[in-house]
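You will see subunit A twice below: alongside subunit B first, and alongside subunit C after that.
Up next, the complex of A and B:
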C-alpha cells in the first residue's frame, strides 16, 4: 500500500503520547552546571560599571562570561550585523544580556547574578518607530554605518533597513482616480509562546563546541553562535533533540552562545533553560507594525494604483528575521489583487525595545489585515459589495504580481468559488442579523525556497535511513511527510524509513523549518537522494534477477520483475549483495527551488524577491458581537487552501486548525505590550493565549494545484493558514458593528470604543 | 518528615530533605526521572505539567509535595506501561492526528483520561471545558476534542 495521501500515524507519535520523547527542555548531561543570564533592567543606558569580581568568588560559581568573551557582531541570516552577544558600553533594550554565570545549582547561579555590580546611566529610550525616524531622534546605533551587511541595503540612522517596490506610473494613476482612499493600521507584538521554552546544553571538547538545542534551524544556530563567539562555523556542532514547538521563535540563537561560552570557561557542560517570563521578555516576537495605505480606484472598483508604507519595529537589533523579511510585506500587498501601479516602502526601524523576529507568516498577517480593512473602506466609498470588489480585482492567469512575476493559474478564483459553495455569500448577506457579521478574504502566499540536502542508505535489513538536518517542529513534515515520500519512492513500508535526528556534523545543509519548506525542500532533497539509491538497488537487483533495470519494480520491500511478481528479491538481500559487489548502497541529494522570473529592476533592498511555489487561499468567518460587553464570538470559520498535493491530509488539517487558532489569538486576544521599553505581559496570566473554548468549528476544503518542482506536486502548507485570519476577523467584526477596526487585537474594549464612536457620530 | 504516596501504582516514600512546599513537578522530574510531565510555564497556566492526584487533574508545577501524602499520583508514564499497548485516549490522539509538537500532550492526556474515567457521556463542550487549563499552541484543539469524543462513543462513556 502506498503511503502518500494516507493519514499515517506520525513516527514520533507513540513517544509523544507516552511521555518518553526527550525534548530540548528534558535534555541534560552528566555534571552539567546551571547557566543564568543577567539582563538589563533599563531599555537604554550607558554601562558605567560592570564588576563580576565578587560574584566570581561566590560558592558554586564555576564561570562568568561578559562582553570580552564574545567578540563578534552578527545578525539573523547574516544580513545586518548589529548584534553582540552581551551589551558593550551601551544597553539598547530592557532584557539585553550583560553577563552570564554557570554554577553548581540554580540558586547559586541566581545568587551570583545578584552579586554582579552593575551601574547603568540611563539614556532617553527611543520607543516609538515613527519618532525613531524623525530627524532629532537619538541614534540607537551611532555606529550604524560600520555594520557589515550581506548586500548593500538602503539604511540610515534608526532606519535599520528599507525595501522598496515601484511599479508603473503611480502619480499619473492617482490623477485619474475616481476616488482616493487612505487608511492607517496599527498592530501589536505577538509572542510565539511555544510550550517548550528555549533550552540549550553545551559542552566544549577538543576545541569544539557541541550544543544540544531544540532549534528549528540548526545551521543558523551554528553559524550565528560561531560568529558571535568569533570562531568558525565548523567549530560548533548543533544537535537537535525533540522540539516542543517553534512557530518561528526557535529559528535564531537564544541561549546557545551563552551555554557555549560558559562551557568553555568552566570546562563543564552547561545547561540553560528559560523561564516563561524570560521567554516573554527576551525571546523575539512578531513585530508590531504600522501600515499606511493610499489607493486610487476607478468608478467600477478597479484598483488603479496603491501606495503603501509599512513600518516594522525591529527592536534594538537585527537578531530576528524582521530585516530579512521586510519585502514580504510589499509582496503580499501586491500579489492577491491586480495593482498595476504601486509604490510600496517597507521600513524596519530600530527602537529601544526587545528585538523582534519571525512568527509564522512574518509580516503577512498585518499586511493582509491592513489591505482587507482598506478594501472594505473602498467598497463602502463606492457602494460596492465586499465580495464583488475582491473578485473584480482578483489576480489570475496571465496577470502579474507587483514584482512582475506571472501568476501561474486561476487558482485564487477557484479557491473563492469553492468557498462560495461552502458559504454562499448572498445567502449570508440576506440572512444578516444585528451584531452579526461575516467576511471573506483571498490571499496568495509562498513556500520558502531554501536549500535542503539528504544522505540516504539502504540498511542491512532492507530498511532505509536518511541523514538530514531537517527539523521536526511538530508539523509532521519529518515525522510523516518526507518519510511518506521516500517510502513510496523505494517501495518500502512507511515505518521502515528512518530519519536521523538533526546534527550539523552529519546532516547536509538545510535552511530549517520555516516558511512551510520542510516537506517541500527537504522532501525534494530526499527524493533526489532516493533516485540514486533506487538506481543502485535496481542495478544490483537486475543482476540477481537477470532482468533489465527498466523492467523492475520496487514494492513491499522487494524488487520484482514487472508482470512477474514471483520473480523477486528482498531489499535485505540486495543490501547484502551490494556490500560484497558494487559497494554499500548510499547516495546523497540536494535541492534548492529553481528561480522564478520576476522584474528585479522594480525593487531595491529586497531580500525576499518573489513567490516560490505560490499557494492560493480563501478564508471566511462569521462572528457575533455582544454590544454590552464588546466580546467577539467566532461562530464558524471556513478555509479553502491549495497545497499542491496533499501528502498527509490529516496533518494538513491539523496545520490549518492550529494556524487559524493562532490567527484568532492574534486577531482577538494576544498582545505583548511594551510600556516604557519594558514588556508588560511577562506571564501567561496577562498574555492571553487561545484556549479550547475559543475554538470555533472550522470547515476545511483542500485544493490540489500541483507545483511542477514540488515533491509529487506538493507546496508549503503549514505557514499560510495564519496569514489571512486577522483580516477576516477584523472585517467580520467591522461588518457586525458597522464601523471599521483599524488596530489589533480587536479586544472587547476596542469594540466598545468603536460602537461608542459610531453612536456619537450618529447622534 | 517523609511523604508516602503511590506513584503510577508503586508505593513511594520521599525523604525529609525535600521540603513540603517543593513542587510535585520537580520531585517527579528530578527525583524520579519522570520527564514526561513538562515544565511549560511554571505558573500553573499552561497545564503541560498536569498529573492526576486521586483521579483529579492538578498542575504539578504549583502543587506542593506535602499535599500528595497518602494519595495516588498518576503521570503520563503511568497511563500505559512501557511494554503495554497505548490506552484508548493515547491511541485516539494518534488516530485523530491530534499530536503535533506534543509538549502539551502529556498534560492533555491526563486531563482527558480523568474526564473519560468519570463521565458516562461526554459532549464536545464537555471536552472543551475540561481542557480549559491545558494550552496547546499547535493544534487549535479540534482534534483533541474529536479524539476524546470518539473514545467516549467507543466505550459507551466509560473507559
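Up next, the complex of A and C:
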C-alpha cells in the first residue's frame, strides 16, 4: 500500500501524547550549570558603568560573560550586521543583554545578576516608527554606515532597510482614474508563543562548541552563534532535540550564544531556559506595521494603479527576519489582484523596542488585511459588490504579478469557485441579519525556495535511514510528510523510514522549517538522494534476479520482476549483497527551487524577489457583533487551500485549523503592547491567546494543483492558512457594523468607537 | 513555574485551622481549592511561608436551607453548589453566576469560601453575596462573628478577616418563589475574568410591580458594588423601558472603575450601563417565562 495521500500516523505521535518525548527544555547534561542573562531595564541609555567584580566572587558563580567575550556583529540571514550579543556602550531596547552568569544553582545565578553593578544614563527613546523616520530623530545606530550588509541596501539613519517595486506608469494611471481611494492601517506585534520556551544547553570541548537547542533552523543558529562569538561556523555544532513549537520564533539564535560563551568560560555545560515572561519581553515577535495604500480605479472597478507604503518596525536591531522579508509585503500586495501599475515602498525602521522577527506568514497577514479592507472601501465608493470587485481584479492564467512573474494557472478563481459551492455568496447576502457580517478573501502565497540536502542509506535489515538537518516543529513534515515520500519511492513501509535528529555535524545544509518548506524542500532533497539509492538497489537486485534493472519494481520491502511477483529479493538481502560486492548502499541528494522568471529591474533592495511554488487560497468567515459591547463572535470559518498534492491530508487539515486559530488570535485578541519601550503584556493573562471555546467550526476543502518541481507535485501548506485570517475577520466585522476598523486587533473598544463614529457621521 | 518553598500543615477541622493561623500569623495562608492561590504562588505573586490545608476538614462542607435563608459551608465545592437543587431553588442566582466562574474543572476543585475569601473584585461569588446582601460567618480564637457582605470585602484581595480568622460559611436570603435572575458578563475570551459583570434578581408582584430588585456589579471598582441607587429607582415600579434605562445610567454613576491592562475606565462605565439594563430585562423575562 502506498503511503502518500494517506493519513499515516505521526512517527512522534505516541511519544508526544504519552509525554515520553524529551523536548529541548527537558534536555540537560551531567554537571550542567544554570545560566541567566542580565537585561537592560531601560529602552535607551548609555552604559556608564557595568561592574561584575562583586558578582564574580559570589558563592556558586562559575562564569560571567560581558560584551568583551562576544566580539562579533551579526544579523539574521547575515543581511544587515547591526547586532552584538551584549549591549556595548549603548542600550537600544529594554531587555537587551548586558551580561550573563553561570552558577551552580538558579538562585545563585539570580543573586549574582542582582550583584552586578549597572549604571545607565537614560537617552530619549525613539519608539514610534513614523517619528524615527523624521529629520532630527535621534539615531538609534549612529554608526549605521559602518555595518556590513549581504548586498548593498538602500538605508539611511533610522531607516534600516528599504525595498521598492515600481512597475508601469503609476502617475499617468492616477491621472486617468475614475476614483482615487486612500487608507491607512495599523497593526500590532504578535508573539509566537510556542508552548516550549527557548532553551539551550552548551558545552565546550576540544575547541568546539556543542549546543542542544530546539531550533527550527540549526544551520542558522550555527552560523549566527559563530559570527557573534567571532569563530568559524564549523566550530559550532548544533543538535536539535524534539521541538515544542516555533511558529517562526525559533528560527534565530536566542539563548544559544550565551550558553556557549558561559560554557567556554566555566569549562562546564551550561543550560539556559527562558521563563514565559522572558519569552514575551525579549523574544522577537511579528513586527507592528503601518500600511498606507492609495489606489486609482476605473468606473468598472478595475485597479489601474496602486501606491503603497509599508512601515515595518524592526525594533532595535536586525536580529530577526524583518529586513530580509521587507519585500514580501509588496509582493503579496501585488500577487492576488492585477495591479498593472504599482509603486510599493517597504521601509524597515529602527526603534528602541525589542527586535522583531518572523512569525508564520511574516508581513503577509497585515499587508493582506490592509489590501482587503482597502478593497472594501473601493467597493463602497463604487457601489460594487465585495465579491464582484475581487473576482473582477483576480489574477489568473497569463496575468503577471507585480514583480513581472507569470501566474501559472486559473487556480485563484478555482479556489473562489470552490468556496462559492460551500458558502454561496448571494444566498448569504440575501439572508443577512443586523450586526451579522461575512467576508471572502482570496490570496496567493508562496513556498520557501531554500536549499535542502539529505543523505540516505539502506540498512542491513532493509530499512532506510535518512540523515538530514530538517526539523520537525510539529507540522508533521518530518514525522509524516518526507517519510511518506521516501516510503513510496523505495517501496518500503512508512515505519521503516527513519530520519535522524537534526545535527549540523552529520546532516547536510538545510534552510530550516520556515515558509512551509520542509516537505517541499527537504522532501525534494530526500527524493534526489532516494533516486540514487533506488538505482543502487536495482543494480544489485538485477544481478540477483538475473533481470534488467528496468524490468524491476520496488514494493513491500523487496524487489521483484515486473509481472512475476514470485521472483523477488528482499531489501535486507540486497543490503547484505551490496556490502559484499558493490559496497554499502548510500547516497546523498540536494535541492534548491529552480528560479522563476520575473522582472528584476522593477525592484531595488528586494531580498525576496518572487513566488516559488505559489499556492492559491480563499477564506470566508461569518461573524456577529454585539453593538452595545463591541464584542465579536466568529460563527463559522471556511478555508479552500491549494496544496499542490496532499501528501497527508490530516496533517494539512491540522495546519489549517492551527493557522486559522492563530489568525483569529491576531485578528481579535493578541497584542504585544509596548508602552514607553516596555513590553506591557509579559504574561498570558493579558496577552490573550484564543482558546478552543473561542474557535468556530472550520470547514476545509483541499485543492490539488501540482507544482512541476514539488515532490509528487506538493507545495507548501503550513504557513498560508494564517495569512488572510485577519483580513477576513476585519472585512466581516466591517460588514456587520457598516463601518471600517482600520487597526488590529479588532477589540471591542475599537468596534464601539467605529460604531459611534459612524453614528455621528450619519446624524 | 513552580511555587517557592513553603511549609505544609493540614487542619482537620476549623478550630485546628484557627489554631494554626494563630501560631503562624501573617505568614500563613489557607489552602482550600487552590484555584487562585496556587497560580498566584506559581507566578510568585504570592509567597506564603506556610500553607494550612483545610481539605481534610468536614465541618465546613454543607448546604442547608430553611424558610428564610440558604447557608453554604466554605468548603463546599463550587461545582457541587452549582448543581445542588436546594441551593438552586432557594437562590437561583448562585448556579447562574457559577456557570461563569472559570471552567468546569476549576469549579470541581474550587470552593465557595475560597472564592469569597480571595475577594477578587471581578469574581462571581463575591458579587452574588453583595447583590443579595449575604452575611459571612467567620471564626477566630475567641469565637464566631457575622459580617455583612458589603463590610466583608474591603479592597482587591482584601477582606475584613483577621489574620487568625477563617471563613466558615455564608448565609444568603432565600429569594421569593419565581424570582427572575440574570448574570451578564463581558470578557474578551471564554473563561477570562470579567471586564464587567452584573448580577440581577428581580421579583414582580401580582400587580406587575417590582417588590424585589437586587443588582451588583463586579470588576468595576475595588470590591463588588451593590447598585443601591438603581435598585431604589426601580423598586415598586413596573420596570418599564425608560425606568430601566434611567436606572442603568444611575448605576454607572455609582461605580468608580480605573484603567487597567484589560480595558479602560470609560469602557467599563459604559458597559455597566449596558449590562445593568440587559440584566434587568433578562431577569424580568426569566421570571415571566419561568425557570428552566
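The rule is short, and it goes like this: the second predicted complex is superposed on the first by the 763 of 763 C-alpha atoms of A that agree within 3 Å, B and C clash if a C-alpha of one lies under 4 Å from a C-alpha of the other, contacts with A are read in each partner's own complex, and residues count from 1 in each chain.
Here, contacts are C-beta pairs under 8 Å (C-beta built on N, C-alpha and C of every residue); 3 or more make two chains touch, one makes a residue touch a chain.
The model shown is predicted, which means the values in this text are computed figures rather than measured ones.
Q: After superposition on the shared chain, which partner residues are touched by A:275: those of subunit B (first), subunit C (second), both, or neither?
A: Touch status of A:275: both partners.
Q: If you stack the two complexes on chain A, which partner ends up touching A:683: first (subunit B), second (subunit C), both, or neither?
A: In the superposition, A:683 contacts both subunit B and subunit C.
Q: Of the two partner chains, subunit B (first) and subunit C (second), which one does A:23 touch, if any: first, second, both, or neither?
A: A:23 contacts subunit B only, not subunit C.
Q: A:168 contacts which: subunit B (first), subunit C (second), both, neither?
A: A:168 contacts neither subunit B nor subunit C.
Q: With the two complexes superposed on chain A, say which partner A:693 touches: subunit B (first), subunit C (second), both, or neither.
A: both
Q: Looking at A:629 after the superposition, I want to know if it touches subunit B, subunit C, both of them or none. Which is it: first, second, both, neither?
A: In the superposed model, A:629 contacts subunit C only, not subunit B.
Q: After superposing on the shared chain, does subunit C or subunit B touch more subunit A residues?
A: B
Q: Of the partners subunit B and subunit C, which touch A:409 in the superposed model: first, second, both, neither?
A: In the superposition, A:409 touches no partner, neither subunit B nor subunit C.
Q: Which subunit A residues lie in the overlap of the subunit B contact set and the subunit C contact set?
A: After superposing on chain A, subunit A residues 275-276, 683, 685, 690-691, 693 contact both subunit B and subunit C.
Q: Report the residues of subunit C in contact with subunit A in the complex, numbered from low to high.
A: Where subunit C meets subunit A, its residues are 1, 43, 186, 188-193, 261-264, 267, 270-271, 274-275, 278.
Q: Under the stated contact criterion, what part of subunit B meets subunit A in this complex?
A: Checking each residue of subunit B against subunit A gives 34-43, 45-46, 48, 75-77, 79-80, 82, 86, 90, 93-106, 109, 127-129, 131-132, 134-145.
Q: Which of the residues in subunit A come into contact with subunit B in the complex?
A: Contact set of subunit A toward subunit B: 7, 9-10, 12-14, 16-23, 25-26, 192-197, 242-247, 273, 275-276, 473-476, 650-651, 653-654, 657-662, 683-685, 689-693, 695, 698.
Q: Taking the touch rule as given, give the residues of subunit A at its contact with subunit C in the complex, in rising order.
A: Answer in residue numbers: 275-276, 628-629, 631, 669, 680-681, 683, 685-686, 688, 690-691, 693-694, 747-749, 752.
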